[in-house]
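In what follows, subunit A forms one complex with subunit B and a second complex with subunit C.
Up next, the complex of A and B:
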């Protein structure tokens, strides 16, 4: 028997507690001189930004960037990972370089991208694409190379050609891991987009919005940006999981 | 069928074998490289199997039964000697040989009918026709109603039925079964044993089956090949002349089963 009290989904418990603590701290801090924007101020700033239309412009700019960068990087990662994961010679030739490249943290590439492409769209896109590329390539390669010998043997016993075997056995067998790569890829692309926008400030975007808020000492604007980043990042992860569930229906 | 003609040697050409001999294993040896050292797994095996014959291979685990079957399947190549199927030398896998592994090896992302239909892809059969044929073979192995089920939704016995259906889908001359019922519970195994007998009576094929279940061997076999280990070789070939369908409790059956069992106990001293 469950008592009829206030029903709160488990996942909301922690955020509500944090928000409450924030609110208390904001009001207490006001007297102590600490600059914590209370929730109502953040909400009204959010409303103003939304009504003014700049929020939509920033959100749209970031999402468009992430999407195009992710598609570029993921397609390249799928192709590269397929070659590495299928051909031993290609693996031997290219894997050491790839493994070295992916050890460099994204922030390490930002100056490189800035010098090569400036602070415009090209630099941002290439950083986002690179961020998506690495996990997709790695997981595609590992997924393909790790397909069990018994499945490969089945393909041989059914007289499959190399192409048929790749398309009908290797690729589907690697799909779960490829999706792991795609999920990491979209998350990294999102992070890369924000980092690139923060450090290569030019044009609209959530990173620029935060950067602008910081310059004005407006924690409320910064917090609106942070919340939007969290919300849209989460939405993208969920969307990717939906796609994955569609592709991997056979798993249960 | 004429046994006389079957046994007559036609030519001494190594590429042409005796008429009526479906499978000829000719002085086959196979060794594997284990940490740089050769491990002799099969040593000088010779065995002729007549078309339509049901041969069961028994022997201790690790004696090379699967290796022998894989050589016939063309999934592996001998270091010496050769295997001939239907008169031609085996150089690789072929659709004239259907194979069932101990694990059902159904592709988990395909439904039961798609799994069976996959056997027809290499022949270039159009998809709709492939699925038609697949459904027929699923019906043959008793899986009507499960055509669109995924392997994860099938029981072990049902999955193995589907695997048998896949092996049959090309109507191969030769059926190779590597402990196909080894992973099943006793009741399911009994059921599928009867099913295999029914299938092989309905559509006769040359069958080579590996098992370590002696009763299963006596139940199926025209001849039982008993293998020795280290290196794997043929110890004895026991003809089984019991009438079919076989009655597991008949005196002949029981006597033969214990004779084969004795052969095994001898082996382990």
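Up next, the complex of A and C:
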């Protein structure tokens, strides 16, 4: 009990020190032309952006993009992972190609997406979908391949068709690992959205917001954007855990 | 042997069919040829850039950045993980801030780092260091903290000093997690070096891709995709080999 009481103030020590150093550096640098924005300016910028409604527009744009890209990528990953996780022929046929594609870092696809789809919504959605697709497909395939033999036999003895036994037996049995894939998928989708908005600036979004702040040398806008990106990324991860907890209630 | 060959053959089927179709489609100009160049043209571009030495210097530039950034950020993360994992006071002070900061995707730091460090080499190294810092820091912290208390009891029963417990019990027990963190750190570093070079660079494989994009030379862009993929794979295989050696003790049990 007591150790918990001490834990929090100690944990606040470092942030307070950093913020103090930041504030001192900002005020000391004013005359020297250094562009570190003081905290009160960052706070007032955050307030202005929030009150003016542009913050909500940017946040909503990014979240909408992540959601649609994630759903596309996750559904495709679930289907693809199911096919290579249940059919050995499909596994041999498609897994080497999938694993080769997976090796390319996400950022490496950005110029390709830009050339093929331009810098608009299509390029961003395809990048986000790809980011979500890979971990979901991988974990679905591994999860399904790992379902115990006795469960499979149950399906056969109940005369389930392939699709029924996939839906009623294999998929539920693999749910824990599929959720591992979904959790990675949403995290990667969020990173992909920020990367895509940052490097293919067009339309509203948090990535465009910090990119715009950089172009104007407005460190305050950039800092507000970075905080929002961290906060909403974390909120999405937490939301995914909540969904997982609901789905996996049967385990406890 | 024949079975292994047939598996490889089946795996090669999809790329071969896909690439042939792509080659035919590009040659027959079913699409705008400037957008979809045939694979043979991509291959010719790779040969051309390899012979001129430009490809090698791009790879070397990016790899050097990754290694320097990884060594800086990775060793800092390692030191953080070890000290915070062993000492509760250090953990209490640093861990909460660490856990908040690691929620922010490294890519979101890019504009800030550009503003603070400019477009030079420092900004790229800094970006990669941050990318390398968090996974290895987190895995080291968790690895050290999660060493089974049974192992430590054994050490106490054998009258090990604190130093011996750390060197002979905690270190080997945490090593697999640490190596896993190093692997994640390296793959993040590789992703971020490409991003940093796309944003601002005059050398490196990311810069080459951005250059190809601006000139609408998709063969150059695809060369970049192939190279980044191969380098990512190479790094991953190398670290995985090291990681397997580090966790060999777990298999003996």
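Details
Going forward, the second predicted complex is superposed on the first by the 203 of 252 C-alpha atoms of A that agree within 3 Å, B and C clash if a C-alpha of one lies under 4 Å from a C-alpha of the other, contacts with A are read in each partner's own complex, and residues count from 1 in each chain.
In this text, a contact is a pair of C-beta atoms (placed from the backbone, for glycine too) under 8 Å apart; a residue touches a chain by one contact, two chains touch by 3 or more.
The structure displayed is predicted, hence computed values, not measured ones.
By the document's definition of touching, neither partner reaches A:47: not subunit B, not subunit C.
The wider contact with subunit A, measured as residues touched, comes from C rather than the other of subunit B and subunit C. When both complexes are overlaid on chain A, the residue A:234 reaches subunit C alone and has no touch with subunit B. When the shared chain is aligned, subunit C comes close enough to touch A:97, but subunit B does not. By the touch criterion defined above, A:157 lies against subunit B but remains apart from subunit C after alignment on the C-alpha atoms of chain A. In the superposition on the C-alpha atoms of chain A, no part of subunit A is touched by subunit B in one complex and by subunit C in the other.
Residue ranges on subunit B touching subunit A, taken from their complex, read 73, 75, 92-95, 99, 101, 103, 105, 107-110, 118-119, 121-123, 150, 152. By the touch rule above, subunit A contacts subunit C in their complex via residues 6-8, 10-15, 18, 35-36, 89, 92-97, 100-101, 103-112, 114-116, 190-191, 194-195, 198-199, 207, 210-211, 213-214, 217, 219, 222-223, 225-226, 229-231, 233-234, 237. Per the touch definition, subunit C reaches subunit A in the complex via residues 7-8, 10-15, 18, 35, 89, 92-97, 100-101, 103-105, 107-112, 114-116, 187, 190-192, 194-195, 198-199, 206, 209-210, 212-213, 216, 218, 221-222, 224-225, 228-230, 232-233, 236. Put simply, subunit A touches subunit B in their complex at residues 150-151, 153-154, 156-161, 164, 168-169, 172-173, 175, 248, 250-252.
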